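Contents: one structure, followed by commentary.
Read from first to last, the chains carry the letters A, B, C and D; within each, the first residue is number 1.
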Amino acid sequence: MAIFKNKEERELGFGSKNYNNRVRFLGSDGKINVHRAGLGIGNVDVYHWLITTSKTTLVLVIISGYILVNLIFAIVYFMVGPENFGGLDAVTSAQQFMNLFFFSAQTITTLGYGHIYPVGNAASIAAAVESLLGLLSFALATGVLYGRFSRPQAHLLYSKNILISPYKNITGIMFRIANRKQYELIESEASVTITLNNPETKKREFINLKLEISRINFLSLSWTIVHPVDEESPLYGLTRKDFEERDVEFIILMKAINDTYSQTVYSRNSYKAEDIVENAKFKPLVPEVNKRGQLRLNVTDIHNYDIVS
Amino acid sequence: MAIFKNKEERELGFGSKNYNNRVRFLGSDGKINVHRAGLGIGNVDVYHWLITTSKTTLVLVIISGYILVNLIFAIVYFMVGPENFGGLDAVTSAQQFMNLFFFSAQTITTLGYGHIYPVGNAASIAAAVESLLGLLSFALATGVLYGRFSRPQAHLLYSKNILISPYKNITGIMFRIANRKQYELIESEASVTITLNNPETKKREFINLKLEISRINFLSLSWTIVHPVDEESPLYGLTRKDFEERDVEFIILMKAINDTYSQTVYSRNSYKAEDIVENAKFKPLVPEVNKRGQLRLNVTDIHNYDIVS
Amino acid sequence: MAIFKNKEERELGFGSKNYNNRVRFLGSDGKINVHRAGLGIGNVDVYHWLITTSKTTLVLVIISGYILVNLIFAIVYFMVGPENFGGLDAVTSAQQFMNLFFFSAQTITTLGYGHIYPVGNAASIAAAVESLLGLLSFALATGVLYGRFSRPQAHLLYSKNILISPYKNITGIMFRIANRKQYELIESEASVTITLNNPETKKREFINLKLEISRINFLSLSWTIVHPVDEESPLYGLTRKDFEERDVEFIILMKAINDTYSQTVYSRNSYKAEDIVENAKFKPLVPEVNKRGQLRLNVTDIHNYDIVS
Amino acid sequence: MAIFKNKEERELGFGSKNYNNRVRFLGSDGKINVHRAGLGIGNVDVYHWLITTSKTTLVLVIISGYILVNLIFAIVYFMVGPENFGGLDAVTSAQQFMNLFFFSAQTITTLGYGHIYPVGNAASIAAAVESLLGLLSFALATGVLYGRFSRPQAHLLYSKNILISPYKNITGIMFRIANRKQYELIESEASVTITLNNPETKKREFINLKLEISRINFLSLSWTIVHPVDEESPLYGLTRKDFEERDVEFIILMKAINDTYSQTVYSRNSYKAEDIVENAKFKPLVPEVNKRGQLRLNVTDIHNYDIVS
């Protein structure tokens, strides 16, 4: 068994339990696959959720919240009594309620046309409260939108597969990455950890893999990250089948600096045994000089590979 | 006296005075237990206070401020004279004042229904000032709310006790931590300093404790931080009673990166002699794979321990 | 061929392809000269574009957006029917449309004079939607403006030319930089990489150049960055013509801390063979003490040089 | 002449010119004493100025700007013609102008009472432009206020004098610092550079001074920063008079992390020869435990010293 010789252990923080089930520590989207339970409601972080949820969900939350708050205030105004509002010339109760709903919308947005207006004290107080609430909600929305946009992120594209390729005179385990966005990533660093079950100790091991190059200045083109499987490598002699049996997971941690905001950004990815392709080589990805003198790269080509011999 | 052999001193910045009273350098909430006095009013940092005060206090401040400012402007408008306002059809002075109060609320929020409106120059000037003030206050509120939400923090749960446990063939001093929130903490680092009175020099000493592991990549599950009390340790042979007599304090400094905002965050905690439990062992905290394939951890279980022989 | 002796290679991330065309990795404005294509619309980063586009473009976008949205809502209101709006006393359809356009502007800005106001439900709903949209757009605008202003940047002025100058008893390759703004840059670091075609291997090489001084505390005055061309230098004995034939590019990476915001900032520049001036010396740039006791520097003088024998 | 033995030079970036005038590289407020001239208007950084100017100036700028913009729009509206505004029932031109000024204020704040409202197209267009301008200005103001408040700063108090004190068996050059604010500074680092004229080379030299302790974890109490003047020190045997003749400046650079915002902050200070006190010792600054169990420190006591024999 040559698996774990020369290993440099790495403490990722996932413990060393050998799970009976197949387990995936990182989801395919790079999210850590852990659910922390047992925490009270006070630990729910609404802002974090608003920042990280999808655009669609956010839009739905805003629209529903707008309708709901206006409904609540429409009910309040209706209970205060339509007679306490000037300009409310609707006849039916239903239409009065609708008009108070619109009055509420005009109040919470601080629009305030004024063709309907509060007359009595109770109605005026409710409107004063609603307009303050509107301003504060809007302050929150500003913060959430800014927080979402300015949130430091690395939008990396990872090759779909991780290859065991001929590399110099040995083999190499390699994958490719590229930047999906037009901002630049600088000072990029890669680290690759492999985790597998050790059949002898019945424990899960985490081993750091040495990389040919672990740092580049500009991630403007693509970057092929290579672990040379030489005799020093803990993976020397292992095949796809070995990886599969031991429930392997390659855990990729990327760190870079977003050049536009000068912020450090992180990206993660993981490959399981089914993502490994043996005897394959990535298709060379050679940028051409376009008519504007720029190097032009087709980013989605990083997935392409050829099967060799 | 074997207490201070092999010690690696550490300069925390608390001096070396041996206080006659029992003293706690960090509060149990991790706040530094120092009051800096003698500073003028110009050194009060209102924004810092608004950012760090409790939610309840902030809400009260906003509501009281809103009422107060409207009262002040209602008084101003009343002194300018109700006759300088169009649409103010109240008869009694009291109701006129109330209506001017509501007019003020409609002005400071820039709601401006317009059923009451300023007619003379003085009234118009006061309203113009109030609406500018309203916008600026609201700009401030936006900044405060965003500042509160986006403030980098590590919400760590520390085990209630610090244990002296059997550890390999010796003992270890250990406590556990876990993340209370759903965001991820990466690149976590721990440092533990012990401070106690030295009966010989009559000074307070600060000694760095070596940790089994002081850095992990993901703080997704729990982390048991262990100081092995081997012969190299400055704590070799000390009991809970020794710690108590010397008014011990374990000062825990945590540093990590909040993965959502890519910000470095800090957390502190301290344990006093009364938090030490001897001959105890933390209950193993083994995450299970739930039906969605996630590792599921009950975070509040980190407090649990068993007494061993 | 003495070109590549003593070289310390550097992985910038541009690969090693020897382009047949002349190629420039960095534009003269420091932008990386790469176009990443093949990405779907989902990868367009609108916020990044709004943050980095020119002021003129941003103003045009805001004005066009304002007109466009008001046009759209004017059409909606017109289709709902002018009879559903109170106070709309225009006679011609054209003027009705104009008035609805202005009503839209008063609604989206939450101005809401109220001399025109929605009467029916459809009109009221459209107005409620528009005012919400207005608030959200404005929240976005706040974020974009703040993002633009607070974006960490180093505004460095680079000397137009890079000189091959007498330096001590040998020659030095040198250029000058200065801060174009009134904020201070501290902890500045420089790194210079040269890239040229290797006629033997037909590959592009990237070599790190050693600098006389690569870090200074304050970039308050000017800084002349010097690579001494001694016998250890990979450029020893090369002339401007050699540089030209090998399509040289000097890639300058600067890193500093903006003292006002305590943010790390980056700046890049590149010099091609045509920017090299041989046998030239920068004119000394000696600050004088002005009447306020300040050191006074004329920043644009950093370009000036004298030809020497 | 023992001045410059054992010196470790330091590149601050101020060059090595020996100014004939007395020169101060840092102002007493820590600002770098350099004026960079010769830059075009395009390099003026308005946001930076708004962020760093005094509160009073900012308030004046906002008020003047508000009045000015309203004046301009009042003129525009007046030129469009008062007859294009509904509800403008003033008789005299002067009062019409005043009312249009107030209308402008109600428009730019998006208050919009509506008792005065634009009727014609020209008036409506001007009002639509003004309300957009108002929103954008307000977005700017929000950014400026947030930028000012959230700007990372270290508010350190430096002792008024730098002392040459007895220290162990030799002397030490020392000064004290403390935090003026209630937020905590952690991971504080100090660096002290001395600059003086070298009478031999006629150049200005910058020498790094070794510190007894250059880093502490918490700057909660005061910190006395000491350069021990042993035989290794470049200052060994120098007196206040020597320092004066050579136009000495002690340049203090502090770096810390603001615990509330987890931001790195910087502070600078400088001492000239006239700030040196010989044969003096700082009064011990021993915090007492107050009734709430906190260590209580009177911060302004850090200036106090006693003259010793």
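Annotations for the structure displayed:
Quick note on the criterion: a residue touches a chain if its C-beta (ideal position, glycine included) is under 8 Å from a C-beta of that chain, and two chains touch if they have at least 3 such contacts.
Here the structure is a predicted model, which is why all the values come from computation and not from measurement.
When each chain is reduced to the average of its Cα atoms, C sits farthest from chain B.
Overlaying the C-alpha trace of chain C on that of chain D calls for a turn of 90°, given as a multiple of 5.
Under half of the residue numbers at the interface between copies chain A and chain B are found on both sides, making the touching surfaces mostly different.
Separating the centre of chain A from that of chain B, both taken as means of CA atoms, is a distance of 27 Å. A separation of 38 Å divides the Cα centre of chain A from that of chain D.
Counting only residues that touch two or more partner chains, chain D has 110-114, 142, 146. Contact residues on chain A toward chain B in their complex (touch as defined above): 10-15, 17, 19, 21, 23-25, 32-39, 43-45, 47-49, 51-52, 86-87, 107, 110-114, 117-118, 121, 124-125, 127-128, 131-132, 134-136, 139-140, 142-144, 146-147, 151-152, 193, 253, 263-266. The touching residues of chain C, counted against chain D in their complex, run 62, 66, 70, 98-99, 102, 105-106, 109-115, 138, 141-142, 145-146, 149-150, 155, 178-184, 186, 188, 213, 215-221, 223, 257, 259-262, 286-287, 289-290, 292-301. The residues of chain D lying in touch with chain A in their complex are 110, 112-114, 142.
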